[in-house]
Structure formats: C-alpha cells, structure tokens
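These are the structures, in structure tokens.
Common to both upcoming complexes is chain A, partnered first by chain B, then by chain C.
Take a look at the complex of A and B:
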C-alpha cells in the first residue's frame, strides 16, 4: 500500500489488511520529504518500531543534488531504532535489488520465515550498521 | 586579511566557473615567466591544430602568469596564481592595445589543515576559477595537467551548500542600498522545468537570521535549517507551494551570487576572502 503521508484515511480502516512493514521513503533531493516523514512518524504505533519500520533513502546516486544533511538521517535511525537502506531508483539494477531486500524484510516481518522474528532481524540490522 | 581593494577589483562582478584541482607537482613561483612562455607556445600550437575560437581571424595570443600575494587566508596558504590570455591583432600597429580574452586563477584560502602532510614537491591550490571561452579553459587546463600532473574537475554546489551560503551571506552587514536576497528554485514541470524566484528584502532577511542565530560569528546546521524552513513556510502560506520539495539552484545576495552548476560572482571585496574560504573547503572535499 502506497501513501504520501500518515495517518492513513480512517474511512478504509475496516478494509485494510494487516500492516507488516512500514518503509518511509526520503528523497535526498527534497527537504520536504524528510519533514513529511518526520511528521508522519508521530502517527505510527510504538509496537511497529520493534523491527517493522525501515527508512529508504532514495536519490543517492547524485549527491551533488543533496538537500538533506546526512546527520539528520542518522538521527532518525538512532531515535527510532530502525534500519536505513540507501538506493537510487533511477538505476534498474539497484531498484530491483532494493525491492528484493524489502520483500525479504517483509517476509520476516509477516512471520513467514520460521525462527526469525522481526525484532531479531531488526537487532541484526542495527548491530551491523554500527561501523 | 587586508587586501588592497584596487588590486583585486578586477575579480569582482564577473562570472567565474569553479573547478577543484589536485595538488600541482613541482610548481615554482620562481619560474612564472618560463611558464608564461611555454603556455603561450602551447596555446599557439593548439590553435594551429584547429582549436581556434574565431575562425578566420588572425590573433596573436600572449599568456601572462603572475602571483597575487594578497589572495590567501593564512600564512601557510600558497599565494594565488593568475593566468591571463591577451590577444593582439598583428594586422594593426605594433602599439595596439592588448585585449584580455580569458582569465583563470588558482587559489587556496585556509586550506592548511587539509594539506598538513603534503610532501614538499606539491603545491596546494585546490580552487580554480575561470572567466572566458570554454575552449581556452580546456587548453590551459590540459597544459597544467600535462606539466604539473594535476586533475581538474568541475565543482558543483549542492542545494545543501547553497542554503549555507544564503545564511552566511545574509549574516554579513550591508548598507541600506543592498540588493535583495534572491533564491531561485527549479521545479520539474510537465514540458520544461519551472523556475521560481523568491526575493527577500535584505533587512528582513537579516532580521530573521538574527532571531535564529544564537552565537554571533558561529553558524550551525540547525540554524541554517530553521532559517530556510522559516522562508519556506512563509512562501507556502502565501502561494501554497512547497519550496522544500523543489531544488535550490541559485543564491544571490549583496555579497556574492552562487549557482549550483559551480558558477560564482563576487560582489564585494570586503567579503571576498570569506567566500573563497568556503569555496576552498568545497573544492577540498571534492578532491578527497
């Protein structure tokens, strides 16, 4: 399900399936996308932050168009204990690889992988990110 | 820091294209006249090969390379080096005036921290600014590359860095006749990109900056963010357009103007060194 901001409209609540993973997309060229994500985070229930949230930063192929400070991204990662993925949507190879990664994460968050919980996977991601 | 305003007046109010340059190997201030002669010969040879800008016009091109000792930030910086191409039509009399057709200058302002462990044979002048035809820039650039084993790259300025410049230059004191603070944004449109020009009265901009800045003389990323957010939300309130989602492409104040393609214009000699210091930093981060 794709949404431009949160909260999701309440009219369709009863029709909506269970949400297993929330990927917040931040475009490095748009300061507004960062502000939008920051505002939307307030509408997410705390239980999602146990491995069911990730940040997807796009547009990293062209850093010279960068409008967002990297430290702002790291602050989000620290504050919400959620992993950050980087990708460049305009390159097909990276786009496909990122989609595959997200699908894999979604499988884990939906409980489809026996023995691996969303929380366990989340803690694996965060410990490998601390370099 | 006291630069003689007359000597650097020729640098003001001209459009300069920015490049970053890796350190030059075995460059010496003592051989500037030699370099001038060698480069003059190189330019003549390249033009014979067909690099001529004006077809059919006979031009004598002479190169002058000089040093600008005042153009530096600290004592450790190497003084700026100026390269000028003059043309003189040989058909006219011997005493005809020489016309300046191209200028370029290398400089380094407060770059000492980054070049601390540089071996002695290398001269660090990471910023290169040019004014004039692109073909001459290519010829001069390739001579320097061959002779001193260095590399030139166009220096682009990201929207992030442009907003820093907007904040830093708004902070500077200017007189009552100062021009407006102008920000130009590019918005992708259906047929072609749309340009939005946001002009702010300089006193209003300074007043806003004064409420944001906590320590005079110090600027933090947070303060720049707040300053820009205030400008964006003011614009949104009036026009319902989110400038934060658009791309900032040009910043223009009474001090200087900068374009994201790496084009700068210095408007006041008083702040020239300050702007050069920031540009030197950008050039060094592109080299590293």
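Take a look at the complex of A and C:
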C-alpha cells in the first residue's frame, strides 16, 4: 500500500489487511520529505517500532543534490530504533536489490520465517549498523 | 561585393547547423539551384561558408540580400533571442484593410528621420506576420550589421513582438516608428517575455488550452479504467490524488502550456513581523525580488501539485500568468487590509 503521509484515510479502513512493515521513504533531495516522515511517525502505534518500521532513504546516487544531513537520518534511527536502508531508485539493479531486501524483511515481520521474529531481526540490523 | 557584406554572409552561414544549410539557402533563393548543386555540403562549415561567399560574390550580393538570409535564420531559430511583447492602441477608426506598402514606407521614413544610419529590411510570412530587421548605426557611423533588433508584427492584431538587442537606447525610437507606421497612438510594454516566440503568440492570441469553469459536479470516474500499474499496488490516497488532478486541470487546462522561462515578482510590500522583533519598523516597503526560472516554467508549475511539492490549488499569483499575459509583476500591499494581495499596475 502506498500512502503520501499518515494517518491513512479512514474510509479505506475496512479494506486494509494487517500491516506488517512500514517503510518510510525519505528523498534525500527534499527536506520536505523528511518533515513529512517526521510528522507521520507521530501516528504510528508504539508496537510497530519493535522491528516493523524501517527508513528507506532514496536518491543517494547524487551527492550534489543532498538537502538532508546525515546526522538527521542517524537521529531518526536512534530515536526510533529502526534500521535505515539506502538506495537509488533510478538504477534498476539497486532498485531490484532493495526490493528484495524489503521483501525479506517483510517475510520476517509477517512471521513467515520460523525462528526469526521481527524484533530479533531488528536488533540484528541495528547492531551491525554500528560497525 | 562589399567586404562587410561578404563577412556578414560568411558568419551567418557559420551559425546555421550543417544539415540545415542547404534548405535555408534554398529558402533564401538568392543562389540558383545550379549554384547550390556545386556546393559540397559534407565538408566542414568553414569551407561551405567560403564557397557560399564566393557564389554570392558572383551574384553581386548586397546588404539587402544578406539581411534576408539573417531574417530567415532568426525566424527558424527565434528561440535564441529574448522576445518582449508590446501592445499598440489603434486610433479608433477601424481600418478594414492593412496596407503593407504604406506601413513599410511610414516605418522607414519615421525611423530614418531620426537616425539616418539604419538598415531596415522586411519579410512577410504566411501567418500574417511581418518580420522587420533593423541594424543600428549612430549619427556618425554606418549601421553595425551585428547589432540588430527584430520586430514581428501581426497586422491584424495590436501586438508586436520585439527582440531586445544590446542597444536598448534605440527602443523608444523603434516604438515611435511602429506607432506612426501602424496608425496607432500608443504602445505599451506588456511585461511578458520569453525565448519562445510561438509561446508568446499562443498566450496573447489565446491559443493555448484554457480552463473552463464547471459549475456542476464532475461525473463519477469509471473505476474500471485500464490499470496503469500493478494491481498489487494500492494507493491509499487515491481520492486525494484525484482531487488534486481535477483541481489542477481546472486551473491549468489539459493541453500543453506555453513555454516561458521566467516569472519575476517585485515585492513592494511592508515587512510583517512580530512587533517585538523590532525589524524594519521604519514602515518602508521591504524591497524584494522573487524570480522563478525553469526551462519550461508553466509545465513545472502544473506538475507541482501532483508531485506533492505544493498544495492544490496552486497560488493564483503563479497560475494567472497566461491569463494576464504577463510574467513580470509588481506586488503592492492592498490598502486597509492587512493581507498581501495582488494588485497589477
């Protein structure tokens, strides 16, 4: 499901399945997208932050156009204990690889991988990111 | 043949992209088909232009013919120049017909009476457009063929498109000559400028697709429109996106927008701040210039709301550009009301 911001429109509540993973997309070229994500985070139930939220930073291929400081991204990661993925949507290879990673995460968050819970995976991601 | 003419023709030919040279020379019609056949258009442009100059020498070209070639070049590559739009007020009697010879005579006479050293050339095109090329000199020097202004006049309309040249001081003179030649009594600048002459024409002749007010609710969209994307992707904010799309097409119309590169807003408004900040409490207008630039300004404004960068409807200050036929604005405070609003002079 694609949405431009949270909260989701209530008229579609009855049509929506269970949400297993929320990926917040931040376009590194747009400060507006960061603000939008920060505002939407307020509407997420606390239980999602146990491994069911991730941040996807796009547009990292062009350093010239960065509008968002890395420190802001790291702050988000710290504050919400959620992993950050970087990708460049305009390159097919990276796009496909990122999609596969997200799909894998989704499988775990939906409980489809026996023995691995979303929380366990989330803590794996955060400890590896500190290296 | 005059050296000046030879050099001018050579430089004009050099400006033309190699693939276009043959067609443009044919359009010019000064060199015969037989002569054109002798030119090898596959060699480098330097050599082509030298050959052309030789042939023009044989035909004894004068500045008048060279000027026509220049007009042809500028007609095709009009987007290399910046055009301003002017509007003339006719004297009131409806002249049923437009006498071209009379116009040319009056124009030349008026211009030459003020400045003898000018080269003036005319060329008519099918869409009732009259192109005028003027090369400016000074009272003491001959006309400089590289310092030219171009005027495009559609005789059935009060509009004139002038390509501003480096010699802005000659502009009043040019305007006077146009007024005299067209039997108008006034000419005013419309504050509308662009590199795309056709887009300027589209705007003033109202040839672009305009929005129409609809006072009845739009019929419900068919939900079974051919799906453009994967059915597994569900857009949560589809209603909002639809709303934005409808408002946007109401404001901008559905067709292609005229091509403008700039919009400039000169603010002459008071700075409004927290009284405790104590900034500029001298009650003077805060001078500020806001300039929007883009390769295609109106299309980019049209895509702002769908891209989520601006709220729909987009500010009327931006969307009024084609309707008001201007892209240079002065914004003043509305008196007695504390909000900033748009007042055109």
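What we mean here is this: the second predicted complex is superposed on the first by the 131 of 131 C-alpha atoms of A that agree within 3 Å, B and C clash if a C-alpha of one lies under 4 Å from a C-alpha of the other, contacts with A are read in each partner's own complex, and residues count from 1 in each chain.
Here is the rule we use: a residue touches a chain if its C-beta (ideal position, glycine included) is under 8 Å from a C-beta of that chain, and two chains touch if they have at least 3 such contacts.
All of these numbers come straight from a predicted model, not from anything done at the bench.
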Quick one: classify A:32 as touching chain B (first), chain C (second), both or neither. both
Name the contact category of A:64: first (chain B only), second (chain C only), both, or neither. first
Based on the superposed arrangement, let me know which partner A:98 touches: chain B (first), chain C (second), both, or neither? neither
So, does A:1 touch the first partner chain B, the second partner chain C, both, or neither? second
Contacts of A:82 with chain B and chain C, given as first, second, both or neither: neither
By the touch definition at the top of the document, which applies to A:9: first (chain B), second (chain C), both, or neither? second
Give me the intersection of chain A's contacts with chain B and its contacts with chain C, in residue numbers. 30, 32
Can you check the complex and tell me which residues of chain A touch chain C? 1-5, 8-9, 11-12, 30, 32
Residue ranges of chain B in contact with chain A within the complex: 156-160, 163, 221, 225, 228-229, 232, 242, 244-248, 260
Where on chain A does chain B make contact in their complex? 29-33, 35, 63-69, 71
Note: in the complex, chain C contacts chain A through residues 233-237, 239-240, 308-309
